[in-house]
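These notes concern the structure reproduced below.
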C-alpha cells in the first residue's frame, strides 16, 4: 500500500486537533482589555500545545518522507499516535483553566509522555519494515533526542507536585530542543540527493 | 472518475468525526485528579469509538486500495456510510454521560449496526462495478467476519435491556475481531505483486 | 494553476460543514428513549442538510472532473459557493430547534437559493474559461434542473408564511431531483472515453 | 522535500479555521426574524473574516504554486502564519459580540497585522531558498501592496480608540485591495508558460 492516504488522514487529524484547541479560548463578555486578562493562562497553554503539535507534524512529515510503503502494523502504530495527540486539547484546556496547578500539569506530562512513546513505537515499526541501511534508520541513529525527551517527561510528571513551575520549565525545554526540525533526516536526505 | 477525491473527502470526514468526539470530554472545574473521576465513562466510550472509527478508516483504506475507478452509485454508497459514522460521536456522548445505561447502549448498537450495513452495501457496490475475479472480490470472499459482526450487533441491541454489560462485551469483542486489519486484502495484494 | 488544491480545500470545507452540523444534536440528559424525542426535528433537519451537502459535493466533484485548470476568478467563485454552504449548519440548527416554524423555514430556503446561485455562477465561470465545445458545456447543456431548482426555492421562501409544510415539501422534492448524481457529465464522459 | 504535505496541512488548517467561525453564530431561541437581529454584528464580522481567510488561502495557493521544494525553515515559517490565522476566529467572535467596540476592534487589527508579518516572513523565506530570478521573486517585486497593508494595520489599531469605525473602514479597504487575487503571479506565470 502507498503511504499517501495515511499522510492525508494524519494531516487531517493533526490539523483539526491544532485548530479545535482555539475553541477553548472562549470569547469574554467584557469589551475592554481587562476582560482578556483571565484568558492569559489559556492562551499560554494554547501556544505551548500549538508548538508541540507543530513539532509532531513536522517530524511526522520528515519521517514519512523517508519511507515508501505502509503496512497494517504501521497504520495501527500511526492511529495509536493520533489517539494520544487527540487528548492534548483536553489536557491543555484543563491546565489553562486551572492556572497551571499541580494535577493538570502532571496530566499534561502524562499525555506528552504517551505521545512520545507512541511516536517511538511508530518509528521502530517503520524502521523494522524497511532494511537497516535505509534513510530513516541512518537519520534516526541512536535517537538520543527521543530518549532524552521520554526521560525528561518522566521527571516532569512527579515534579509537578513539588512545584508546577518545574514541570512547566521542562515542557518548554523539550519543546525548544525539538523546535529545530529533525535536521538529521534533512541532512542525510540532501547527501543522498547530491 | 478517479477515486482520489472520494478518498480525500472520506479521510476528511472520518478525521473530523474521530476528533470532535474529544470535544465531549469537557474540561472539569476542579483542579485535582478527583475532578477527573466523573469523566472516566466518557473517556472509556471515547476509546471504544476511536477504535471503531480507526477500524472503519483502515478497512476503507484497504478496500479502496484494490479498486481503480468510482461511479455515481459508489459515491452515494460512500456518503451513506459517512452518514451513519457521523452519528457515532452523538451516541458515544450519550452512552458516556449516562454511565452505560440500557437505552444509550442499545442506540450505540443500532448506529454500529447501520454503519456495518452501509459498509456492506458499499463493498457490494464496489464488487458489482468491477469484475468478479478482481482483488477485492477474492479478498473479501464470503465475508464471514462482516456477517458475524452484523449478527452480533443484532444480538447486542436487545441484550442491553437485559443487562447493558452484555452489549458492552459484544461491542468490545467485535472491535477486537476487527482490530487485526483486513489481512485478506493485504495478503491477496502481496501475492499479486510477487 | 492546477485544480488540485482547490479540490482539496473544497473537500476540507465541505467535510467540516457536513460534520459540525452533528454538534447541534446535543447529548440529552435523560437516559431513556423518551429523552431523544425532542431531538427528532433536529435529526430530521440534519438528514435533509446532510443530503443537500452530499449533493453539492457530488456535483462539485463531477464538475471539476471535467476541467483541467483554474484561474483567480474560479477560485473566488468557488469561495463564494463555500461561503453560502457554510451557513447551512446555522439555518439547519435554527430550523430544527424551532420545529420547522415559518421564519426558520424561509431562511433555510434563502441560504439554499443563494448556494444554488453561487453554484450556477461557478459553473458559468468554469464554462467561460474553457471553450464551448468542452465536456462541461456539453454535459450541462441548458441546465434545466439548475434553473428549476432556483425557481422552486423562490417559491418555497414566501410559501413558508402560508404553511411551513409547503416549503418543507419543496426542499425534499428538490433534494430528490438531485439525489440522482449528474448523469449528464458521467454519460458524456463515458462516451468520450470510449 | 516536496511541498505536497505542507499544502495539504495548510489547506486543512485554513479550512477548519474558516468553518469553525460559523460555530460562533449561535442558534437563537426565538422563532421569528426579530430573533436574528442581535446576530447581525456577528454575521458581519464573520463575512469580513471569511473574506480575509479566503484572501490568505488564495495568496498562499498562488505563492506555493511558484515553488518546488520546501525546507525546515519554510515549514516553521508556515506554521507561524497558521498560528496567527488560528486566532482570527477568537478576535472575530469578540468583535462581533461587542458590536465593534474599541478594544475588540484594536485586537482584531493586531492579529491581522501579525498574520501579515508572518506572511511576509514566509514569502521572504521562500524567496531566499530559491534564486533571485525565480518566478516568485519577480512576481512579488517590491511588494508594495504587502507593505501598504502592514502600514494600514499599524494605523488602524490605535485609531480604534479614536473611533472604531475608522479601523473598520481600514480593514474593509485592505480586504478590497487584496480581493483581486495576486494577478502579479498569475501574469508572470502565464508569460512563462507562453
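For this structure, a couple of remarks:
All chains are identified by letter, namely A, B, C and D, in their written order; residue positions are counted from 1 within each chain.
Definition applied: contacts are C-beta pairs under 8 Å (C-beta built on N, C-alpha and C of every residue); 3 or more make two chains touch, one makes a residue touch a chain.
Chain-to-protein mapping (UniProt): A, B, C, D = TMEM175 family protein.
What you see is a predicted model; the values in this text were computed from it and never measured.
Shared residue numbers account for under half of those found at the interface formed by chain A (TMEM175 family protein) and chain D (TMEM175 family protein), and the copies are therefore classed as meeting with different residues.
Remark: rotation between chain C (TMEM175 family protein) and chain D (TMEM175 family protein) after Cα superposition is 90° (nearest 5). Centre-to-centre separation of chain A (TMEM175 family protein) and chain B (TMEM175 family protein), using mean CA positions: 26 Å.
Along chain B (TMEM175 family protein), residues 8, 12, 15-16, 20, 23 each make contact with two or more other chains. Residues 7-8, 11-12, 14-16, 18-20, 22-23, 25, 27-29, 31-33, 35-36, 47, 50, 54, 57-58, 61-62, 65, 179-183, 186, 189 of chain B (TMEM175 family protein) are the ones that touch chain A (TMEM175 family protein) when the two sit in their complex. Those residues of chain B (TMEM175 family protein) that touch chain C (TMEM175 family protein) in the complex are listed here as 1, 5-6, 8-9, 12-13, 15-17, 20, 23-24, 71-72, 75-76, 79, 82-83, 86-87, 89-90, 93-94, 97-98, 101-104, 107.
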